[in-house]
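Note sheet for the following structure.
Residue numbering begins at 1 within each chain, and the chains themselves are lettered A, B, C, D and E in the order written.
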Amino acid sequence: MEISAVLFYVFAGLAVISALAMVLNVRNTVAAAMSLVVTMVSIGGIFVLLDAYLVAALQIMVYGGAIVVLFLFVVMLLNLRTDDFPPVGLRLAKLGGGLLVVVVVSAIPRLLGGVFPEIPAAPTGYGGYRALGIALYTDYVLLVEMVSLLLLAAIVGALILAKRKID
Amino acid sequence: MVNGATEESVLRLIPLLPLAAAAYHGVMLGLVRRPTPRTVTIAISCGAVLASFVASCVAFWSLIQHPNGSHLLVDNVFSWIGSGVGVHAFSADVAFLLDPLSSVMTLVITGVGSLIHIYSVAYMDDDQRDDKGFQRFFCYLNLFTFSMLILVLADNLVLMFLGWEGVGLCSFLLIGFWYSDEWNAYCGSKAFIVNRIGDFGFLLGLFLLFSSLVDVGKPAVEFQDIERNLALITEATLAVPEWLGGGEWLLVNVIALCFFVGAVGKSAQLPLYVWLPDAMAGPTPVSALIHAATMVTAGVYLVCRMGFLFAVAPFASMVVAWTGALTAVFAAVIAIAQTDIKKVLAYSTVSQLGYMFLAAGCGGYTAAVFHVASHAFFKALLFLGAGSVILALHHEQNLENMGGLWRRTPRTHVVFLIGVLTIAGFPGLSGFFSKDEILVAAFASEIPGHTWLYGIGLATSGLTAFYMFRLHFLTFYGESRASADIREHIDEPGKLIIYPLYVLAFFAIFFGYAGLPQVWGDLVFGVDNSNSLANFLMPTLAVVPHNQLDHTTEVWLAAAAITAGVVGFGFAWFFYMMRPQLPERIAAALRIPHQLLVRKFYVDEAYDLLFVRPLVAISDRVLFRVIDVAVIDGLAVGGIARLVRATGTNLLRHAQSGFAQTYIFFMIAGAVAIVWILLR
Amino acid sequence: MTAVILGVVVGAFAPVITWIERKQSAVMQDRIGANRADIGGITILGLLHPLADVIKLLSKEDVVPTGANRVLHLIAPVIAAVPAIIAYGVIPFGSTYVFGGETISLVVANPDWGFLYIFVIGSIATYGTVIAGWASNNNWSLLGSLRASAQMISYEVTMGLSVVGCFLVYETLKLTDMAMAQDTTFRVFGFVEVLFGGELPWWVSQFAVLPQWGIFLQPLGFLMFLTCIMAENKRPPFDLPESESELVAGYFTEYSGMRFGLFFMSEFIEVVVIAGLITTVFLGGWAVPFLSQEWIVDRVGNGFGAFAGFGDGFANGFCMLVHFATFLVKVVAVIWLQMALRWTLPRFRYDQVMDLCWKVMLPLSLVNIFVTAALVLLLGE
Amino acid sequence: MGPIEPFLLSFVTFFPLLAGVGLLLIAALASWIGTKGLPDSLWKSVGLASTLATFGVSVRLFVEFDATRTGFQFVEHLSWIPEYGVNYFVGIDGISLLMVMLTTFLVPIVFIASWDDIRESIPTFVFFMLFLETGMLGAFVSLNVFQFYLFFEVMLIPMYFIIGIWGGPRRIYAAVKFFLFTMFGSLFMLVAVLVTYLLHFEQFGALQFDLVSTTGESKALLDTVIPLSGQIVDGEPVVWWKTQTWLFAAFGLAFAIKVPMFPFHTWLPDAHVEAPTAGSVVLAGVLLKMGTYGFVRFAIPLFPVAALEFTPIILALSVVGILYGSLVAMVQTDIKRLVAYSSVAHLGFVMLGMFALNEQGLNGSVLQMVNHGVSTGALFLLVGMLYERRHTRLISDFGGIAKPMPVYAAFFGLVTLSSIGLPMLNGFVGEFLILMGGFLAHPPSAAVATFGVVLAAVYMLWMYRRVMFGPVTNPENRSLIDLGLREKLVMVAMAVPILWLGIYPNTFLLRIQPSVIELLHQVEVRTALTTLPSTEDVALLAAADTAADPAADPNREPQP
Amino acid sequence: MVPIEHVIALSAALFTIGVGGVLIRRNLIVILMSIELMLNAANVALIGFNRMWPGIEGAPRMDGQVFVLMVITVAACEVAVGLGILISMFRNRDSVNIDEVNLLKW
């Protein structure tokens, strides 16, 4: 097995385990968040393995660096006592969750069936910021603009929501 | 738009002058704050009607002088309603037709109308109302004159309908002139609504006629065109729906009956006569003009105008005759027991109108028109005389409180007596001739049961004499029964009241000679073609085949009529002059029949119970409360709403728990389901 | 191999910097500074102080406060220190040199997306402080880490944007390429020719020449980057998360021993990293002003080398040494700058920090990007 | 006027809204620079002025309308979303001309009438009225079905607010009811519109919402053959599916609710009773016409066979509506509710005439739409004037009003009579033509409907008598003030069309006539078009078309 | 490199874990994090598929990665707003327990 494959499984395992840790850690929200960071970073590693360098960097920067920090920030801001959150009492939700797990787990072997061809070699520049930038600012420029608008809206919205008093 | 003036253009002046006056009054009343001075009101109103009368005379003159001898003038003013092209084309013009029939009517309307306008000046002057009310009265009166003139001058059914409705409206307005009185307002709207029922028939007839003419490709609403094309549809039949017994009716019969329903409503015949007695709530000049002389004769006019239709519709004619006869006797019987001076006259009017229909139904259109005209004079005379009496007694209308007036109001007494004599059929007066014509027509007609009709007519004639003399005796003779303070102030009304009475009395006496029946022309006066009115009218009126009577028979018939009149007079004299206390004793003895008479056979009450109340009750209780509110809004609309709400509250609410996770669960479940289906 | 060298160098550097800091503050405050620690009377200008500190820290008890989250508490300093150390990985200490057939690059890792790596590391670095503060079960710590996280996230944005101008100018994210691009000169008024045509007088073109360093091409970017990255490092005047007078010691109040030392160390390591980065991006990296690598290799190899009979290998080796020395000089200069700033400026208030970031620097950095982009387009570089 | 010459119709349509929006902007500007917005009187005056201007321009339309020509005039056709056949397409024929005139005439009147009536949120009111006017005009002039639907729905918004904000005590209920009723129907219409649109696409391979084509070559919805039955699914004809019938039913439901026809009428009394005077007038005067107009313009020409199929039902419902509306109106205790029910009866007449499907009936029907707008509008205005004075509308609270308010009584009388259908006033002409047309088409129902004329007199006069006549029983009524100058002006303005339409209706009939004939012609042509080839033939034709034109593949996604 | 199926399997696993987290946790913060996880799972798949069809030499195809960028952006927005809501919710009811919030039914 080549090194990248090994790394992939390592990262994948890490991601899944830490994701599970996040979901199942009912005692400690911060620990859950830290698990999420691990997942994010692992996913970032997988991105790198898949030759998506810029995305990988952004993945870690945005998820790891900003989003989860925000989560942590909020957790700390609200000073949440972590033992207050046992899993939900809703049987329906639990049932649904279980069912889903069953369905997906049963589907995963089918997914591993190998219907797709081998992954081809990536061309030069694949996943780099140049190629991505060109794609972003030519084919997807409208999308970028829309998303930037969305961001603006989110900024304003978050500000208004989080402000104690609108002045 | 408006067609240019020609020599016929004088026709348009006849109705437009009163309209202009009415419009002037309307604008002044509605939009100008200051009341118009009475003199101006009088000048404009009476001036307009008088001018209209003059124009009528001119038109009449030119009709007589008409060179081509077609005996009609047509003034087409403008196209009123135009719709459709080709075979469906419908066009109603504002066009006036002056033929002998309408010219007679026009003259009567404008002539009698002018007199009554003048009379009203005095009559309403006495009325202690403001100038606005005074002007309003004349506005309505002018408007009425206009409508009535439109009615008679119209050259098509639609325009006639305009007048037809217009007079109904004016009648409504004038009956309810003193609207502050609940009763007056009630009577006014009653008149209008009952008239509307008649109009329903008129419209049905009109539509039926038009559509049948469309079927033969000759759509028209003009009288002349209808007459010309009527032959095309005389054979047509109408399939009768099963629930009416099936079979087929002659179309013309149906059409004619529809029109007759209109006439019944307008002319207060059985069963729609109920409004006319109540119409007496209006001012007396109005009763004279509208509810005696002109408007109520519109039905007769319609039947005569459509004579060509009725002539080919024997069944309808029979119905007309019988309705007329029955109404005549029915109303006469009721009149016997009435104690309101105007009510008596009103029932007498109904009765006289019945006469006219009897004549028309029997094919005696000339007689009908003759009686229309003479009735206009003597009934207007009677009403105005009654008005004079009422004024003299300071608005006292009850016969119980009159009596002995002849000393205080001798002139009124005389003219009233002339009126009474005329209506009672005193030989030589116009009423005698016209009534005689009718009885002759009934006797001579070929419709089934015509002798019965004659008999009824004759009996009615006796009854007429009886109740009219009763009225006269109770009013003018005997001891005064008025209260003391009124008795002090009984005075002969002024000149403006009396002079029109004179004029009318003159016509009541002498008008008969315009339509002198041939028998008297031959036997008494030795004149050929004595019945100039009939000769004049002949070209326009339909001719119905009837039995030819010889002069002997006619004289016998006249004698019978005179006898009936004398008998009626005799009874009246006996009961009210010789034994004034006797009627009360009879009334006491025959309490139930008497009560029946006094209460007019409880017809109003019956109508109220049979039609009005159930209709209101059903509308309110069933249609509105049940169907509208409960069923449609409550069950259907509200039901849907409740269904939706129930689905929500009982079923979907649980899905909408507000817990985000439940929603997510459903979302996920949906997604899983879709994936499962796709991967299946 | 370079990685090992680097590790040692860096590991050694941090304690030295504490000494530098003390000494420099002493100089600035007109006192002697650390000079007591000695081994047998030898003080070596107080250079033994760092050594003593390390020993002291290592020998102290490692306390975990009651009610604290033990695992996180223990792991937090490591999280704080590791990113700082590995950030060195992409900073080039020198150019690429060819010795015969072998090419030596004085950089541990040289990915195409080098600068992104820095950002990534920078963003991960936040966790150390945040976790530390939270896991200490101490209100001051919590407040400190709150401040830290907010401050770091905020400044990260501006930091990223402030160097975008450089990216535009160098058209690369690769740090070696950036340094390489600065190994040349540019005519200060050259833009006049491009914009207005014509030619400048020869003396202007000849003498008005500067090294094509980032600091000259992106002066605003330099200032902002410096500010931001110092704020990222939470050093004064941005040391609000650990401000003694308010929060005792902020997020690491509850730490002792070597774990405290790790926080301490990571801060100083970062100072070096910052210095390296700024040097690389703005100060021409290893480049000697006005003397490009080719020039040195050419002159040394073909001039002195040829004269002395040394080959290209010598020229390259010489050049490498020169470059490394240059780099060190520049780094030290930047470290000095940071120290000087620390002892010069008072601490900001928290709202001032945030205002500076969001209301001043962020707009400015955006303006900088636009202006740079426009100039790049116009001058067609 | 020069530059707007080619856009007269658009100008008429959008000027009110533009004025409203302009006012809004100026007001926003004004409040931004620190004033307290624009004064209410300015809002009202500008609103009135702009509606008057609109009326002025529409008069020009009326004058310049070529009554000798069939087809649409003042046509403007601009591409909007051409890929989907959504165009800005306006034009008027005689029918819509009258509707436009009615609208532009009524709105300024309403403005004047509610000058003092509306006291709160005047700017909002003015804006909504202007918005409403544009909505209504837009629907009348639209020749693109999509655009029509848009306006048809947009209208609801201002009306909803007008009822909901300035209405009576149960205004919210009424507004919601009004909204839901209309919406319920119009959604069916939307589906039907889309089906028609896709049928068109199947047949011609082009997406087109235009009702008629602007040029000879291009095809529009009216060229589509709407199959009578037998949508083929998997080769099997579906027995219960009758395309045209169902489509007509969907259109018909939408319009029948709007009209409103008999069983769908219950929103109307509530909406009227609760709406402010302005709302009632516009609702009765114009909005209801949207339903009848929809039938004339869309439902009948598009689905003529189905229309004929439905004629018995619609005639029956119309007749029931006439009698029912009249009888229920008779027993109402609230004047406004009475007038509302009378609207049901009147519109029954309109529907009767329309589905007589002959010239008289249609002419009368269109004319009656105008008549009803004017008469009932005037009635609502009058009721509003009374309500303003006494704040009650119960008949029992009144009596003898003619004494203190003679002029009011006179105008009320005039309008009442016009509503009754007295000849020489407007109501008569329409009713007469309708009944005549009805008689030519289906005598029994027309005969029964004629009885409605009697009932109209009953309920209107009864109400008139109870309100106006008799002694003044209620002391509060003794001191009522008669109409002021403004109110007189309003009523005189209303009286003008009442008399004009009654005395010389030919002015209008002449303009309706060609359109009606054209409509009948269309019905004839399209009936022939639909009935001649059997379903299989249509399928064959479509198949032939498909072979010739690959774009006409029915399975293809509708794409530009 | 591993077969693409494994990448997809990873994506599916992560997604499922995310869904499970959303379903079974009561802490709104963790739920938000689980949502992030789900988004990331999608990102993994996108990146994987993009890698599957990377384009040709000289013209790399980056569509999947572009989408991932967008997803990341949207995620950032979502978190910003979500946390804002969360904070205001906490302010109002002193809890971030999702069981206690059922205002969604109005």
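Note that contacts are C-beta pairs under 8 Å (C-beta built on N, C-alpha and C of every residue); 3 or more make two chains touch, one makes a residue touch a chain.
Since the model is a prediction, treat every value here as computed from it, not as a measurement.
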Pieces of the assembly without subunit A, by contact: B, D, E | C
item	value
Chain closest to the middle, measuring from C-alpha centroids that were averaged per chain	D
Relative to subunit B, chain with the most remote C-alpha centre	C
Which of B-D and A-E has more C-beta contact pairs	A-E
Whole-Å gap separating subunit A and subunit E, where each centre is the average of the chain's CA atoms	5
Computed distance of Cα centres, subunit E from subunit D, in Å	52
Between subunit B and subunit D, centroid-to-centroid distance (C-alpha), Å	39
Interchain centroid distance [CA atoms averaged], subunit C/subunit D, Å	77
Subunit C: positions in contact with at least two other chains	none
Touching two or more other chains - residue numbers and ranges from subunit B	659, 661, 664-665, 668
Residues of subunit D whose C-beta touches two or more other chains	none
Of all residues in subunit E, those that touch subunit A in their complex	1-10, 12-21, 23-27, 29-30, 32-34, 36-37, 40, 43-44, 47-48, 50-52, 54-63, 65-66, 68-70, 72-81, 83-88, 90-91, 96-99
Contacting residues of subunit D [partner subunit B, same complex]	177, 181, 263, 265-266, 324, 327-328, 330-332, 358-360, 363-364, 400, 402-403, 406-407, 410-411, 417, 422-424, 428-429, 432-433, 435-436, 439-440, 443-444, 446-447, 450-451, 453-454, 457-458, 461-462, 464-465, 468-472, 488, 492, 503-506, 509-510, 513, 517
Residue numbers on subunit A that touch subunit C, as the complex places them	28, 30-31, 34, 37, 41, 44, 53-54, 57-58, 60-61, 64-66, 69-70, 72-73, 75-77, 79, 128-129
Touching residues on subunit B, where the partner in the complex is subunit E	653, 656-661, 663-665, 668
Residues on subunit C engaged by subunit A in the complex (per definition of touch)	69, 71-72, 111-113, 116-117, 119-120, 122-124, 126-127, 130-131, 133-135, 142, 145-146, 149-150, 152-153, 156, 173
